[in-house]
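Heads up, the next two complexes both have chain A, just with different partners, chain B and then chain C.
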Partner chain A sequence: MTVGAGTFSGTPVRRVEDPDLLRGAGTFVDNLKIDGMLSLSFVRSPIAHATIRSVDVTAAREMPGVVGVYSAADLELPDAPALMALHPAAIRPSLAKGTVNFVGDPVVAVVAETRAAAMDAAELVEIDYEPLGVVVDMEEALDRGSPAQFESLGGNVVIGLRTGSEDPLAGADVVVRGRFENQRVAVVPMEGSAIVVDPTGTDFDLTVHLSCQMPHVARAGLAKLLGMDQERVRVIAPHVGGAFGAKHLSAEGVVASKLALELGRPVKWVETRSENLVAMAHGRGQVQYVELGLRRDGTFVGMRCRMVGDAGGYGGFGGILVLGQTKLMAQGVYHIPAIAFDVAIVTTNTTPMGAYRGAGRPEAAAFVERIVDMAADELGIDPVELRRKNFIRPDEFPLTTVMGADYDSGDYGAALDEVLRLADYDALRREQDERRRRGDRMQLGIGVSTYVEVTGGGAEFSEVEVHDDGTITVKAGTSAHGQGHATAFSQIAADQFGVPIEQIRYVQSDTALVARGRGTGGSRSVQLGGTAVLQTSKLVVERAKELVAELLETAPEDVVVTGDGRLGVAGVPSKALSWGEVARVAAERGAPLLVQHDTERAGSTYPFGAHVAVVEVDMETGRVVPLRHVAVDDCGVIVNPMLVDGQVHGGLASGISQALWEQFLYDDDGNPITSTLAEYAMPSAAELPSFVTAHTETPSPLNDLGAKGIGESATVGSTPAVQNAVVDALSHLGVRHIDMPCTPERVWRAITAAQAGTLPDPWREPRPEMAGFPREGAAGEELERGAESVNL
Partner chain B sequence: MVLVTVEVNGSSYQHEVEPRMLLVQYLRETLGLTGTNIGCDTSSCGACTVLLNGESVKSCTLLAVQADGAAIVTIEGLSGPDGALHPVQEAFHQHHALQCGYCTPGMVMAAVSLLAEEGELDERGVREGLEGNLCRCTGYHNIVRAVLACAGDRAPVGEVGAAGAAAS
Partner chain C sequence: MIPAAFEYVRAESAEEAVALLVEHGDDAKLIAGGHSLLPLMKLRLATPTVLVDIGRVPGLSYIEERGDEIAIGALARHHDLETSAVLKEQVPLLAATAHQVGDPQVRHRGTLGGTLAHGDPASDLPAAVLALGGTLVAQGPNGRREISALEFFRGFLETALGADEVLVEIRVPKAAGAGWSFQKFNRRAQDWAIVGVAAVVNGTTGIALVNMGSTPLRATAVEEAVRSGASVTDAAAAASQGTDPPSDVNASSEYRRHLATVLVRRALEEASS
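And then the complex of A and B:
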């Protein structure tokens, strides 16, 4: 499958985005200054669950520079926006009403002439709380008696459902069992949430500068919540300092918009980091009970999963991911003939859950790859061989899995072969043996993972126009925030037009300039936005060829893109017209070279890969050092290998970090104890190794580029590889499992327990409530469709 | 209000500032030099790194008044008078060491300072030298390569886009 006739696609073109960012000319929301702009600050709940008895804003209102101080009672606020509804009863107000449900819940909004004045006044707001019972632990939330957030739910279980096979372990010779925690993590884009809402413009009733991933989605949501015509609202995503699934229109953004409209002045809200760590949706947060049945020879027979998903305060939409993408990907890269998948989604008095890099897929790969390693250990089979034995084979694609996923293409063995070759797996095992024999203090752990994930799906918009100076404007409905679409999509277009990249002007992320779009999330952009650009460019070229054929008196089939910025007659070099000339004639005839085009809806693509992680474990302190990470990721056909590797590097850091360090923690009363960057264990360059990255290229048949997503794959693959490596380092002691993050304390405890012969059983039965949920019916199917309709 | 006199990117400035104003706020709000970003409130992220009398500092850890009399260079002052990128900026570009670009100004300033301080730098030295600067996008891999390239050290840390690609 070739991308185009030109020479840019498939090459590591340096980014057109870089110069502005490198010179400090970024347009991040906080850099925006508008005359008369006010600053917004929030008073947030310091208590995890409480009734609000009274709010006294008198002193705050009297502070110099203060324009207004508002609680929910003072404003007619719409509810907070949700990308997906978890349950009709699980509604979050934009400012807390009557009760607060997590530490960080915004209760009062303060608007002032300056940020300092708003923050000073916020400190004078007096709120009287009557504490309520708190539930932090998602399994305790299953208890019917746990303190509920929504009366109508009669507890904290928002969804409880049993799905799939009734008896998946029938016929198994051996069953391996594990209870795995996939811990809650914070997203931490280096720029937090930020919004400027301007009601003073003339062309639009509201112009919103929002640090977000999906400006058109945000516009539709905001217009609906405020009862406005979305054509009167403009949303601009300027430079966005990272998003990773978490940047959408937020409760605070709705309050800012409402206040800007009420006050008739621009309002800015920029989150502090300490706010960000409790206010921005968290990710992951599942407890997974997994049982894998095998025959003695290692063939998988069936799997039973019982999963608890944390939705956090108010039932954050991320809670649905366990029933969406985690369930969809539960089969991984293997044949598993029967799978049971029971789910409980609960509310807890914690930050609401959302999407974080991978959004449900890393959670799936984590438990599948962990239980496979446990099975290899149990049967005494090399983990690589056990995987190979159960792989879905290349000649079986396309196929629909037991979980209902339509895998488009794959060659799992090829990726595994390549990663083992690059890592020199046999040599690593030899070194591990030697260290074990010598009883070294530093033991080696080698972790393997083979994964598949799901990306994209849907349609996307593009517009391409050739101007009479020969420049070409390319637009797409996706919205990059670091991924480099301006470069990649310009490469795609430049190849079609046979022009240098510099001749392309790329436009995105502004609803006034791009007619429509679904934004960026779920690793959808190249396969959908890139394909839209490719198809639209081709339509423009077709139209131009017809015109040139007429002008040069030849047949359209004989017109070719020359590659030096012109259209000419094949074999007659002297007969050619420049793009500018063609555009001029087209415009004179009233049919400018401009095409708007939407791709047809495409199915999701399924990127895959294989990773090898090598860690060193200090047997005396439990400290784990990641030594090497080799990643082979297959994202189909690659447009820009430099950008792809950049995505892989970032994804690897996230995955390694979840396996070893990051966890957002609360005490029993629901007080966050990792709510600053001084406490939250986000890694620096000093903790991480360099990476070895490579790619197999198995094209997707589902789009013209043959591309699959790559933004999240490396996170999906790396997390289990690293966790497996840590357990592998201790497997000779009998250690079978260590939960993430594999902190020195946990690793040290495992070593000590192994030496004392007191290793805990990695399995225990889930809470009895799990058995009492209804089997999947119409309601469940509807929920799943909801989860798939938005990709994060 | 307190009077401060500073030289920033070669120009002199004098302002009355609130005693509690942070240097980063002075740069961003008073001088309008918004290239320097803010990423935290605990001096943990390094997004706000600038050069103060030639050494890198996190400009959120200093009050504006503490910079009185100092010479400061921000990201805006790094490129040459002709607008050409500084070698560290150029290396970041060539090695794809930035994605969203939010950590980039601070990271570049920290790297400039590190390169000036250390005669020789290997990969470990670069990684430890940049420990105070956080990035969520790049996994640091290409940042380390960019800085090593500037240091003239060709330690093998992999080639962008060229590592053993195998078609299947």
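And then the complex of A and C:
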């Protein structure tokens, strides 16, 4: 194959990762077998809030194959790792100490020779609990009298803050109001959490195989918690079966590490499916009170948001997202001159909150796009027109929003035009009219969303080396867990070197092999890691050109990458050296063709897009069937359209699912009632429509590739489109809002209430506690900055 | 997700299975397809100490014509039912219902005997057998006995089978040319029914409800209304009479009552069209 420089980027190169995965050669943590390895299992609290009165492990210790049974009192355990602490008082121990705060809270660790032995022994541990009061509902948690998890907080409010404009609705002719629930969802990656900790190696004191997104971050965190030198710790993220923001060093991982060190033997912990649903951090979980002020002509005047964010047990770091990315993106794609944004973040006796695909941005797009639709309905303006009227225009970029976001580039109208064209919006509206006129049992709903989100930001590391056989090793500090970085980054490098993809060896996800890195989260990888690979490759090529110029006695400017794996002199085809030859000479001279390079810190990029969802609603049963979903997502310049579509397809599935199916629920006592996949409604391909995806390509000026993130965008854009479609299907009956997930029963209740003239008001005032929080001060700003840095 | 320890014995015949049940008493449980029992064991909600596997007993997977009836061996898998040419012609309701159970993996493991013996009100096939007025054949230490489907379901996960009995055969009347319908309402394709309705119109009308109480139920009020000449809509309005539907994460009992009315109407419409 002859390849010219620059022929890979932008093309759908097949994934180089797949042959291993398809042949069962995956290296998932649970596949790992090490001699002498022990298995770890946890006894978890079956009660949402309780004092631990006593723990009896005698029977468990006597079971055959059991090596040790430990509660917090038996081990000097560091606290559980947190990507960000919400409050100095909100500390989570790695094993519950004194009290348990949610069902699933690990209390006792059992180590045995086999997994079965560990689980059998765990059944025999007797824990005596004294139940305490429970708070599940995040708004009830605002009550200072609600049962608190941390005495020093004097209640469950971890952060309460009022920010932004004092009077954002002044001058509005019309104010549209809605209370929206952005429900708690579980992450449910195909592979749950998994870790193997090996203290027996010779090169490192601890080698950790961790299913995670950020091996270097995990290494730093673990070393710090255990008081070890991080150079003595090696973290490897092997094949990872999905992460979606939730896979980091966990409390259980810390326990596994401590026990491996204590026992001097490798320890494996692999979460079960049932454990995963209660132990892995959950996502979303906000109640949003939103008021949008408009002039009669539809111009937005201002918006007041009062938001409650659920942090779950111990104050999981995901609770901060309402104050971070949700607040940052509250303005969406529109001009909204004044915004007030008040926030309460509370602890509840539920699984701790973390980050889940979009992490704060889907929550923002959901309420913005919902209130805009309600406003369109109120003013009798087509939702498309109302959006267009208030868009930030393409010639206004870059711009800093009222919320302080530095939008880099955008053309929101172009994405909207394209999605309307692909969906044939006008024809859909005509069909909707006909069905309404006929009074069909199956009514049509058409939902539009236009969104912007925030990705990336920061710096990344790469290393590129040319070997004397002509192969090239490319490393980056990002860490793919399904996305296809090996393919995309190899494309980028192959273009610079003018070699076939097969000549690139891509290395990632191992702290012993990659000097440093920030891992993968917040859709950062191509724009930062890809740019690092691009820049580093260029530096190597430059160095090679100088050497070749010397060898071939010409000027460096005249040396070109030939595109057939060589470096030559422009216009003199006979004069050329292969990459292997150049690498050999470079090595002989003591300056091998190897460059390590960190990019400069880049600002965040702001991908955007427009979605149209079409649903059918059965007016007799309330059942919603998604018929079509058309997504136009702009992630800047695309390196590999097939990989991008893969991200979009997965993102759409997650986003549509939040609108229609998924919700993690507890009863009043804090017992999870969706704790298996029979109850927790993860969709399958059978539930989803076939997707139409397309892209506009508005380059980001913030990185050399012009790229923006795409891992989460489709999740951000799809949820509100689908929810809007459901409400739209019933809007002729007077229905103005239905909370997510739009279950058949909820939809049926809305239809029934509309027919009976008893539709509930979608608005009510938030609890009075919301008015009592201090206005933003220095502490608030600091928290917000911290919150913004949590970008997963 | 790992069951408690148990012993495993494989029976080679129904007689041997009965003998093993007698030998091990209360500690023993039969396992056929395992797709109801194993999930319970993995959650340690069931902890039998001896599993008697009848899954490979030869000669119990038949589907054959026998006079006015179709006789089905208890080990016939859901997949066997959904693909059986005899059933499709003679009792299409049963084949179509089997097709709605779970997903392909489940249908390749689960057995008709197992789903009936388990007695879960949310299961699909029991309602179909009930609507058809089938006959169940149990084998015990004293030989075989027949139980009418109408008498078989006694309570939540409770049937007329004795602890030492094995369900060996299910017979349903032939109903070629009869009207029929199976309406299953669920949220995801592979889910259990939130509410389901099996209907057969064959001179008389048989209607059975899925997940509307602690057992699969005959909708007797609807059947009576149809018999006395009520319109489809009026008959369907009686769908939830005498039922006691649960409230759970998928639906309130009120919504289930509503669904039963809608689904019975649709079933009657389809079965009589």
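The rule is simple: the second predicted complex is superposed on the first by the 787 of 792 C-alpha atoms of A that agree within 3 Å, B and C clash if a C-alpha of one lies under 4 Å from a C-alpha of the other, contacts with A are read in each partner's own complex, and residues count from 1 in each chain.
One rule holds for everything that comes next: a contact is a pair of C-beta atoms (placed from the backbone, for glycine too) under 8 Å apart; a residue touches a chain by one contact, two chains touch by 3 or more.
None of the values given here were measured: they were computed from a predicted structure.
Of the two partner chains, chain C is the only one that A:Thr674 touches; chain B does not reach it. Contacts of A:Gly484 after superposition on the shared chain: chain B is touched, whereas chain C is not.
By the touch criterion defined above, A:Val572 lies against neither chain B nor chain C after alignment on the C-alpha atoms of chain A. Comparing chain B with chain C, more residues of chain A are touched by B. Using the contact criterion defined above for the overlaid structures, shared-chain residue A:Thr696 touches chain B, although it does not reach chain C. Touch criterion met: A:Leu22 reaches chain B, while chain C stays clear of it. Contacts of A:Ala170 after superposition on the shared chain: neither chain B nor chain C is touched. When the two structures are aligned on the shared chain, A:Ala59 is found in touch with neither chain B nor chain C.
Of the two partner chains placed by superposition, A:Val625 touches none, neither chain B nor chain C. Look at A:Asp120: by the touch rule set out above, it reaches chain C but stays clear of chain B. Overlaid on A, the two complexes show chain B and chain C touching the same residues of chain A, namely 116, 272-274, 676, 678, 684, 686.
Interface residues of chain C facing chain A in the complex, by the touch rule stated above, are 1-2, 4-5, 43-44, 185, 187-192, 194, 248-252, 255, 258-259, 262. Residues of chain A touching chain C in their complex: 115-116, 119-120, 123, 272-274, 620-621, 623, 661, 665, 673-674, 676, 678-679, 681, 683-684, 686-687, 743-745, 748-749.
On the side of chain B, the complex with chain A involves touching residues 18, 28, 32-45, 47, 74-76, 78-79, 85, 89, 92-94, 96, 98-105, 108, 123, 126-128, 130-144, 157-158, 160-168. Across the complex, chain A meets chain B through its residues 12, 14-15, 17-19, 21-26, 28, 30-31, 33, 116, 188-191, 239-242, 244, 272-274, 411, 414-415, 418, 422, 481-484, 634, 640-646, 649-654, 676-678, 682, 684-686, 688, 690-698.
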